[in-house]
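Next, two complexes with subunit A in common: one pairs it with subunit B, the other with subunit C.
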Partner chain A sequence: MHDFHADIEHITRVEGHGNIVIDVKGGKIRTLRMDIVESPRFFEAMALGRTYSEVAHITSRICGICAVTHTTTSIKAIESALDFNPSVQTIKLRKLLLNAEFIQSHILHLYFLAAPDFFGTGSVFGMVGDNKEDVLRGMRLKTLANELCALVGGRHIHPITLKIGCFSKNPEPRELSDFKKRIEDSRDEMDETVKFFKNLKIPEFERETEYISLTQPDEYALYDGKIKSSDSGEEIETSDYLDRVREFMVTHSTAKHAKSKRDSYMVGALARFNNNYDQLHPKAKESAMEMGLRHPCYNPYMNNIAQVVETVHCFEESICLIDDLISAGLKDEKREIGPKKGRGVGATEAPRGTLYHEHKLDETGKVTYANYIIPTAQNLANIENDLLSIVPTLLNKQKEEIIVDIEMLVRAYDPCISCATHLMKVEFVNE
Partner chain B sequence: MSKPRVAFFSFSSCEGCQLVVLTLEEQLLELVTLIDIASFREAMSEKSDDYDIAFVEGSITRTSEIERLRTIRERAKIVIALGACATIGGINCLKNQFEMEEVQNIVYGKMAEKFDTIPTRPIEAVIKVDHWIHGCPIDKDEFIEVTKALLLDKKPRIPAHPVCVECQMRENVCLFEKGMVCLGPVTRAGCKAICPTYNDGCVGCRGLIEDPNLSSHKNLLNEHGLTVDEAISQYMLFGGNSKEKYE
Partner chain C sequence: MSENNKIVIIGIGNVLLMDEGIGIHVVDELEKHKFPQNVTLYDGGTGGFKLIDLMDGANTVFFIDAVETGKPPGTIITFKSGDVRTNYRKKRYSLHDTDLLEVIKMVELLEFSPDIVIVGVQPKTINYGTTLSQELKDSIPDIINTVLKSVEKLCTVPSV
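Moving on to the complex of A and B:
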């Protein structure tokens, strides 16, 4: 197909509103862009002037899928501004909640949003006829993760208990040990999940890019770490994040784009897998092997498989965290911290990639500056570069097939567009 | 009788309320045997403009959204506002304390004028709304109750009493006794007092009840050494579109 034009309006089964425009004439790409048409929400402005203790209520609402990560990252940025280090107990509870969100978000994406493409249907409802047991398994795993989120966070979407320096209510040790058993009993379902995704035919395509993620010396970094680029292996402090993440604006997107050393980079499950493979749980490494995911991997479609691997990892990690919490015993912790003037940056791995929040506070604890850099915004330039590379290889196919391949590629990144549409401020004078 | 055709739409929001619908899991599979889903972009590729019931999530923050919302109203027999952004404007109203130009400049700098934005409003400021499912996020049991009522052609019941009643039924220790600000006495119930149950003061995401007893709430604050300013600050997180109602 030498001439080809497609306007894919409001890509489905992704979070938020995005369009893809492709125009090919005489076998050459003339236009190719992913338009982000989600309404901008201006969170960096909304946070200004608010008291530090209210900020997490606001930032949680950036995203319904990764509300735990946004809340955690905001709180970490504020604690850093207040020079406060939370207790081991608080950090372990946060990690447990984050692991539960990873399981929830990855399972949602894998079974509900990505899988229907492999069965030639438009939604998970269309899979119920022939693959009902698979759909139900996905639902059971998601319910398990939602309930673990609710046990620790009060509820999953917009968690309640995450506070500066503590949890407003701790789970009971009995509830935790009961839940541990439920996770252990669901290991079989994860084994089935690995088998299910192993059998899906992932499109073949490779484009090596720069992979960026957090990294830690002693664990697979999700909750915290230094920022690592696959290009140099160099690790930098999160407070210097703007040296690594360089945002730029394009008129076709209400979400800013980002680059680092090259003109685009990738964040998310595959980036973490590539950067931190050694620290995955042995069971997660086995599952990668079983599904044919080799380290390092340059096929963005395999981000789906890397999500399965991480889900296995988070299952095992959650069990360890529950053991640690129970054996140490849970204590009520204090709530009054600050106010104090300062600047703080928090960085956490969200299911879709590294998330950065920065806050500056005045002496009374009011926010004078906020900056949030969202994983999907960081991936947009890389998605466009992947599309530029893959479209010429697809031109011998029918238009409908080309559109399916393109949509699958975008979906593999698990984009979260409402998250991405409110970005950093350029300058502000209210300080 | 043919099955009612149901569509889900989202405007400016985090799409968390649609996600709550997805967390119905197996109940959702039962529900889709009773209805036809005409459009649900977050979960399915098929879409149709032929629907009877429209669930609308999100607030209106752009000129282009006004037209899109009016079209939905013309096509649907019943429109339900889904979640705080749609019912009361919610967290998006926080930007209304600034001039829109300033908000655009803060986030987009020199390219500000390319990103149109208007003061946040709930959907009933633009179209007639038939029913409301409150909360940030919505409560899934309430979603089922409302949907059931609609399928049975009954009027869904929205609680008229305050969160305080539900909190007392759960036998929680009152947060005022712990020295915390709580909007539970003036906020519409239906959330099972989930935030106070987890030791966090109600932030009013479900909106004020009809005729809230504000003077009694203010006395309660004073008695516990808390200030009205603190309560207003908390109220403004979600109630920015109706500040005057609390004052």
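Moving on to the complex of A and C:
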């Protein structure tokens, strides 16, 4: 097919956003553009003038799926501005909560969004017929992670116990101990998950790019770390994030794109896998091997498999964190901190990539500057470059097949779109 | 009152988008009322498929949400999922792009569906901001009344 045009549906509920347009004439790409993310600039504006203790409540509402990451990152930026270092206990509780969010987010994406592509069912609803047990397994794992989130975060949607410098309420050691057993008992379900995804045929495509993630010498960095680029291996402090994340405007998108050393880079599970393979739990490495994910991997479709690997890692890591918390004993750490003038940056790995929040506070603790850079905005330029590379190789296929391959590629990035709105429009049957 | 009749009330929406967050504002107000033990209130935010876990074991679930019906702002429309035409878009790019009817559809497919009632409120303004439009602020007492009456009906043992 030398000529090909696809205007792949409106994919968010915000009108005027969310199309992928591809136009090929005579085998050459004339147009390829994509715009599927809401700019966080309006949320930044909402933070201005607020007291430092209010900000995390606002940022937790930016996204219902990554609420723990937004809240944690916001609090870390504020603590940095206040020159406050949280206790080991608080950091471990935050890590446990973050692991729970990774498990629930990855499982939902894998079973509800990615898997249906491989069964040709179009959506998870179509999978329920022939693969009901698989969908139910996904549901059970999601529920487990949600309940862990509720145990540590007070509730599983927009958690409320995360505070500056502490948790407003600690889980009881007995509750943690009981939960550890539930995670251990669910290892079989994770093994089944690995088998399930091992059997899916991931499209073959490779395009090496720059991979950026947080990194730590002694752990698989999710909660904190320096910013690492795969291009040089260089690691920089999160406070210097703008030296690594260079945002730029493009004419076809309301969202800023980002680049670093090249014209695009990738964040998310595959980037973390490539940058931090050595720090993965041995069981997670075994699962990668079993599913055919070799380090390093340059196939963006394998981001799905990297998510399965990370889910295995988060299972094991949660068990270790619970053990540590119980053996150290949980103390009430509630406290008031600040206000103080300062600038702080927080960086945390969200399930779909590195999230940055920067805040500046005045003497009274009011926010005078806010900057939030979300993972999907960082991935947009890289997705476009992947599409530019893959589309010419697909032109011998039927249009419908090309569109499926393109959609699968975009979905593999697990993009965060339209977090902000879910408005239901209804038309009544009897009207 | 039947204590075994588990009733769940979930307000959903985004409080950063003005009227889109009406469900959360209503649940905040409902928290000030005293409910029997078999009634649980939740702030469901923009939980998408996470909402399924809040419905576990419930006999009846009330969702309070902003609903676009083309009627005047503040109009309250109570309906069940079967009352509306559904047009599930087959392709999804993101979990963030899930609406309530899809969550309900999933629960129905998995055959543990409670009786689900949606108390929809027509929004006036959906834009970045944390306040409600005056019309929706004014509608809160009526929304609460609608929910309380429905719950009261379910909690009353029919006279013999």
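Heads up, the rule we're going with is that the second predicted complex is superposed on the first by the 404 of 431 C-alpha atoms of A that agree within 3 Å, B and C clash if a C-alpha of one lies under 4 Å from a C-alpha of the other, contacts with A are read in each partner's own complex, and residues count from 1 in each chain.
Throughout what follows, a residue touches a chain if its C-beta (ideal position, glycine included) is under 8 Å from a C-beta of that chain, and two chains touch if they have at least 3 such contacts.
Predicted model, so just to flag it, every value in this text is computed and none were measured.
**Q** Classify the contacts of A:Asp414 with the two partner chains as first (subunit B alone), second (subunit C alone), both, or neither.
**A** second
**Q** Scan A:Ser232 for contacts with subunit B and subunit C and give back first, second, both or neither.
**A** neither
**Q** Should A:Gly154 be classified as contacting the first partner (subunit B), the second (subunit C), both, or neither?
**A** first
**Q** Applying the document's definition of touch, where does A:Phe125 land relative to subunit B and subunit C: first, second, both, or neither?
**A** In the superposed model, A:Phe125 contacts both subunit B and subunit C.
**Q** On the A-aligned overlay, A:Glu54 touches which partner chain: subunit B = first, subunit C = second, or both, or neither?
**A** Touch status of A:Glu54: first partner only.
**Q** Contact-wise, after the overlay, does A:Gln398 reach subunit B, subunit C, both or neither (first, second, both, neither)?
**A** Neither partner.
**Q** Counting only touches as set out at the top, which of subunit B and subunit C does A:Thr364 meet: first, second, both, neither?
**A** A:Thr364 contacts neither subunit B nor subunit C.
**Q** Contact-wise, after the overlay, does A:Thr31 reach subunit B, subunit C, both or neither (first, second, both, neither)?
**A** The answer is neither, since A:Thr31 touches no partner chain.
**Q** Between subunit B (first) and subunit C (second), which, if any, makes contact with A:Met249: first, second, both or neither?
**A** The first partner, subunit B, only.
**Q** Pick out the shared contact residues on subunit A: the ones touching subunit B in one complex and subunit C in the other.
**A** Subunit A residues touching both partners: 12-13, 42, 45-46, 58, 61-65, 67, 108, 112-113, 122-125, 128, 135-136, 139, 142-143, 146, 155-158, 418-419, 422-428.
**Q** Mind pulling up the subunit A residues that touch subunit C in the complex?
**A** Listed in rising order, the residues of subunit A that touch subunit C are 9, 11-13, 36, 42-43, 45-46, 58, 61-65, 67, 104-105, 108-109, 112-113, 122-125, 128, 132, 135-136, 139, 142-143, 146-147, 155-158, 407, 410-411, 414-430.
**Q** Per the contact definition, I'd like the list of subunit A residues that touch subunit B in the complex.
**A** 10, 12-17, 39-42, 44-46, 48-51, 54, 57-58, 61-65, 67, 108, 112-113, 116, 122-126, 128, 135-136, 139-140, 142-143, 146, 154-158, 160-161, 163, 168-169, 249, 251, 254, 418-419, 422-428
**Q** Using the touch definition from the top, list the residues of subunit B that touch subunit A in their complex.
**A** Contact set of subunit B toward subunit A: 10-20, 22-23, 25-26, 29, 32, 37, 40-47, 61-62, 65, 90-92, 94-95, 97-98, 102-111, 114-115, 117, 136-137, 194-195, 197-200, 203, 233-234, 237.
**Q** Enumerate the contact residues on subunit C facing subunit A in the complex.
**A** Contact set of subunit C toward subunit A: 12-17, 20, 42-54, 56, 65-69, 79, 82-85, 88-102, 105-106, 109-110, 120, 123, 126, 128-130.
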